[in-house]
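Let me begin by presenting the structure, written as structure tokens, before commenting on it.
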Amino acid sequence: MLKCSLDKINSVFEEIAKTAKLYIPADDKDGSAVYKQWENGIEWSSSLNTVRSPKDFFLPQMENLMEFKTEGKNIEVIDNRCETEDFVIFGVRACDVKSFEVLDRVFLSEPVDSYYASRREKGVIVSTACSKPSETCFCKTFGISPEEPEGDVTTWKTEDEIFFKANTSKGEALLEKLSAYTEECDETVVTEQKEKISAIMAKLPLKDLKTDAFGGGKTEEFFNNPVWEELSGSCLGCGTCTFVCPTCQCYDIKDFNTGKGVIRFRCWDSCMYSEFTKMAHGNNRITQKERFRQRFMHKLVYYPENNDGMFSCVGCGRCLSKCPISMNIVKVMKKIGDVDA
Amino acid sequence: MQKITQNQLIEKAASLLSDGTVNAVLGWSRGEFGYDVTPKMFKTEEDLKENFVWNDFCGVNFSKYLVSKTDRFDGKILVFLKPCDTYSFNQLLTEHRFEREKVYAVGIPCEGMVDVIKLKAVTGEGISEIKEDGENLLVTTIYEDAPVKVAFKDVLLERCINCKSKKHVAYDELMGDEGEVIESKRFDEVAKIEAMTPDERFAFWQNELSRCIRCNACRDACPACTCEKCVFDNPQSGVENKAPANSFEEKMFHIIRAYHVAGRCTDCGECSRVCPQNIPLHLLNRKFIKDINEFYGEYQAGAEVGSRAPLVDYTTEDLEPGEVFDRRDIDA
Amino acid sequence: MQVNEHKPLIVAFCCNWCSYAGADLAGNNRLNYPADVKIIRVPCSCRVNPMFVLRAFQRGADGVIICGCHPGDCHYTSGNYYTRRRMAALFSMLDFLGIERERTRLEWVSAAEGAKFAATMNDFVEKVTALGENKRLEDLRCKR
Amino acid sequence: MSNREETLIPKVGVITDVRIDTPDIKTFRVVTPDGKKAFDHRPGQCAMLSVPGVGEAMFSITSSPTNEEYMEFSIKKCGCVTDWLHQAEVGQQITIRGPYGNPFPVDDVFAGKNLLFIAGGVGLAPLRSVINYCRHYRDRYGDIDIVYGSRSKDDLLDYNEIIEEWSTDAGVNVHLTIDNPQDGWDGHVGFVPSYVKELGFDTNKTAVLCGPPIMIKFTLEGLCELGFDKTQIYTTLELRMKCGVGKCGRCNVGAKYVCKDGPVFRCDELDELPDEY
């Protein structure tokens, strides 16, 4: 275990930024946290988490996949993919680190998505333990440890110090570079903080939320539950929950004609949108009920069925605080699963 | 700090439900933390007693829900409308978006609603309970032993600080006292931006609109946005887009959206309330309202049913677009 | 003398009944106006949806001008009165967002005003040229 | 980075032939610019065709894998991409990627069996690939029955091929039907599901169904009445797709992705999926 005084944190950032693009959560003008590329003057936010999830780093909201040039009847396909530069994301919370695993299972399974894979290989994830979780947090429900998040490097932040532990070779290489600023130390302080976090987690309002009722193979059990009608009744059909969600990965591929050529791009899509499954001759999810059901069934049943029981929710709580009408996965789990918490 | 109590509303709803005046009640239902209320159709008295809430977090404007709810429901719906909601209610009636006969509207006074983000800025994370105490909120968090006292007035939603009217412009029945239209300062912020240089204005909006994630929450919550199919969703429209790109698409979206509701927007402020990125979208709408007031005379959308929106009207003496700027330059 | 590299692209929406004929007359009379003005004929100036204006900017226009019949002369009686309100609101909004107000204009040009058409275009192109390239409402994808 | 494989990046394909099959269906022959087949496929698999600037859509490959020269797609005009394709001329380039989805189990389950193909309208397109595959390896399969119906005689797809090639094959029985009586038609008149029941097939067959959802529903019921078991019946599903590889997240029915786990499903497998297709 290594440690470093928080006074020196900007020097640490500077050191990292010498060889890789560094992104840290920083306060935006309106006070909410957002990942910003570090440069002198950008301060590490004290907020619990960013409004947007860090999935952007691996699956950007919009990216160009390829271009086409057309001339008469001919088409030229231009593959202008390029390797991502090395980058480091600092201060990622336990839930978000886990969300990368959820995305990996989709994008790194065959056939591998080369766009995603390239970024995933070049990115180093530095996580930070959650010393002050919010009432909307329920990562423990999914077996995630906010006391000791995963990631290439795990850090713990106290009043005046920051502690580092490398978990992977990528992480070790990063800490190697920081050796001028860090010193060896024992785990006393970190253990203390972990205990504190555990004590807080036990006080959170959603601490008793369980996933036992859900998982693969439960489609029949939940699909025709009349409660979907009631739950989806207030849903506006906007895409807020899906766009702030770190694990929502559905995308759309569209063409944009620039007048000089055609760009084929990929952008986030939302199963909550009415035209998500609309085809030329029909739509198999006609009302908001079916779309709403799809989102939660996907997270709680379909995804685990295809991924060894892993849920496609990490309990980050973003949808709890951002849904315009406060309908969210916790309310769904409690109602549908009849889980008493 | 609402003047009318939750129990009064439950009693009213229960009695209208039991005497058959209405078949369902559109109300707010209890959440997990006291502040996360969700709209819900209540059909039984038991459900009302158990789950209906009325507190300082019932910001949702129910008027828009009436479009879909009356369409799919056979029977009469009781809806509770705050003063600002009644303007949207009228505007939707003007546009024939729902059947008036299917709705029983009860006007309820509103003292303003709380902005959870502002509240959390004071109390910090970890809210476990919120209680009302005179002019204050007592917020219990898991981190503090004693509840934190927060002045209600300090954490109001922007739209409530600049409330334009406490008067209900539509209802079948009114609970509590009728309020008045208020001389608000709602255009001050717009005037402040108008007074900036073009470069400053551009920088301001570039910063705000570039944060947009195109989640469409503003559109889907907006009671004026009731198109069956939005142009931005329609592949045939040629402008369909669902992603911010190069800072153009999101600008286009917000300009066109504000434009499309110009003259019909009642300034209910839902767009800004629901924006996950805290973009002050209401300023775009207020700019249009302010312009319309200045160019074509005072107009409040929804103040009365059937009024003609200024952008679908004209006089032969209207200002030329060029004169708009001349006039402002002289004023400045 | 330094030659200005940037030649602005101007999109002019012209109403079929007055301004388009005005442009024709300007041509017949051999009146010069810059070739960078691309005319799009519309049945009436009120056919111009605010989206058209934004799309023109997106596709690389540096200035957008809308020309219609003089108030009172609309072929459809009142179309241009609506245009006047709509464009006043739109231009004011674009100005509010910090987009240079000289990039947009509404002018009334009748079928008999070939000279006015040419003069208007010359003046508009000159103003837009002075502003330079449209940077504030551009879509980089369309620029390459 | 170009050394990485990327399935989303398509190849260029050239339309070398356009056949007008019915008033709203055309069959397009596609090869690579150097005249080869774009890729190998199995019967029942699909390919993503796209017209840059218009869009991309999934189509079943209607030609048999035994055709080494080119691929064919029978496309009904019903949306942006198909409208555009219907206006395309020979020599027009498009893009193509694939193959996607699971094929019909022609080499294991179907081997040695009597086969019954039932199609309605453009639903013949995916079946044509299997039918021609089975005709090519005729000795591997038992009797082949084909029931095909459409709105009118003019709407029958591949009519010439059916009459001239399929009907003349030994052991292949073709049963055609149209919805309403028509001049110049002396064949059967009536809907496919009732025709299937009329024909009253023996249950010693494996059936493959494809057509509009309503036809599949009633034909399936009819076959079950005749004593067929759902494990003997195969069909294909079609939902909106963008990626074709189970990542874009829209073509799922329950936990199954039509692009990856389908489009071919055995009917008893469909029973286990929620009713959302």
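The letters A, B, C and D name the chains in turn, as written, and every chain counts its residues from 1.
Assume contacts are C-beta pairs under 8 Å (C-beta built on N, C-alpha and C of every residue); 3 or more make two chains touch, one makes a residue touch a chain.
Just so we're clear, the structure is a prediction, and the values are computed from it rather than from any experiment.
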Label of the chain whose CA centroid is most distant from the centroid of chain A: C
Chain nearest the global centroid, as defined over all protein CA atoms shown: A
Gap in Å, rounded to a whole number, between the CA centres of chain B and chain A: 30
Gap in Å, rounded to a whole number, between the CA centres of chain C and chain B: 36
Separation of mean Cα positions, chain D and chain C [Å, integer]: 52
For chain D, residues that touch 2 or more chains besides their own: 55, 80
Multi-chain contact residues (two or more partners), chain A: 252, 256, 269
Residues of chain C engaged with two or more neighbouring chains: 141
Chain B - residues contacting chain A, complex: 31-33, 36-41, 60, 65, 116-117, 121, 124-128, 141-143, 207, 211, 213-217, 219-221, 233, 235, 242-245, 270, 273-274, 276-278
Residue ranges of chain C touching chain A (in the complex, touch as defined): 59-60, 141-142, 144
Of all residues in chain A, those that touch chain B in their complex: 28-32, 34, 48, 51-52, 61-62, 132-136, 200, 203-206, 230, 233-234, 236-240, 242-244, 252, 256, 265, 267-270, 273-275, 320-322, 324-328, 330-331
Partner chain A, residues of chain D touching it in the complex: 1-2, 4-12, 50, 52-56, 78-80, 82, 89, 91-95, 238-240, 242-243, 245-255, 272-274, 276-277
Partner chain C, residues of chain A touching it in the complex: 256, 258-260, 263
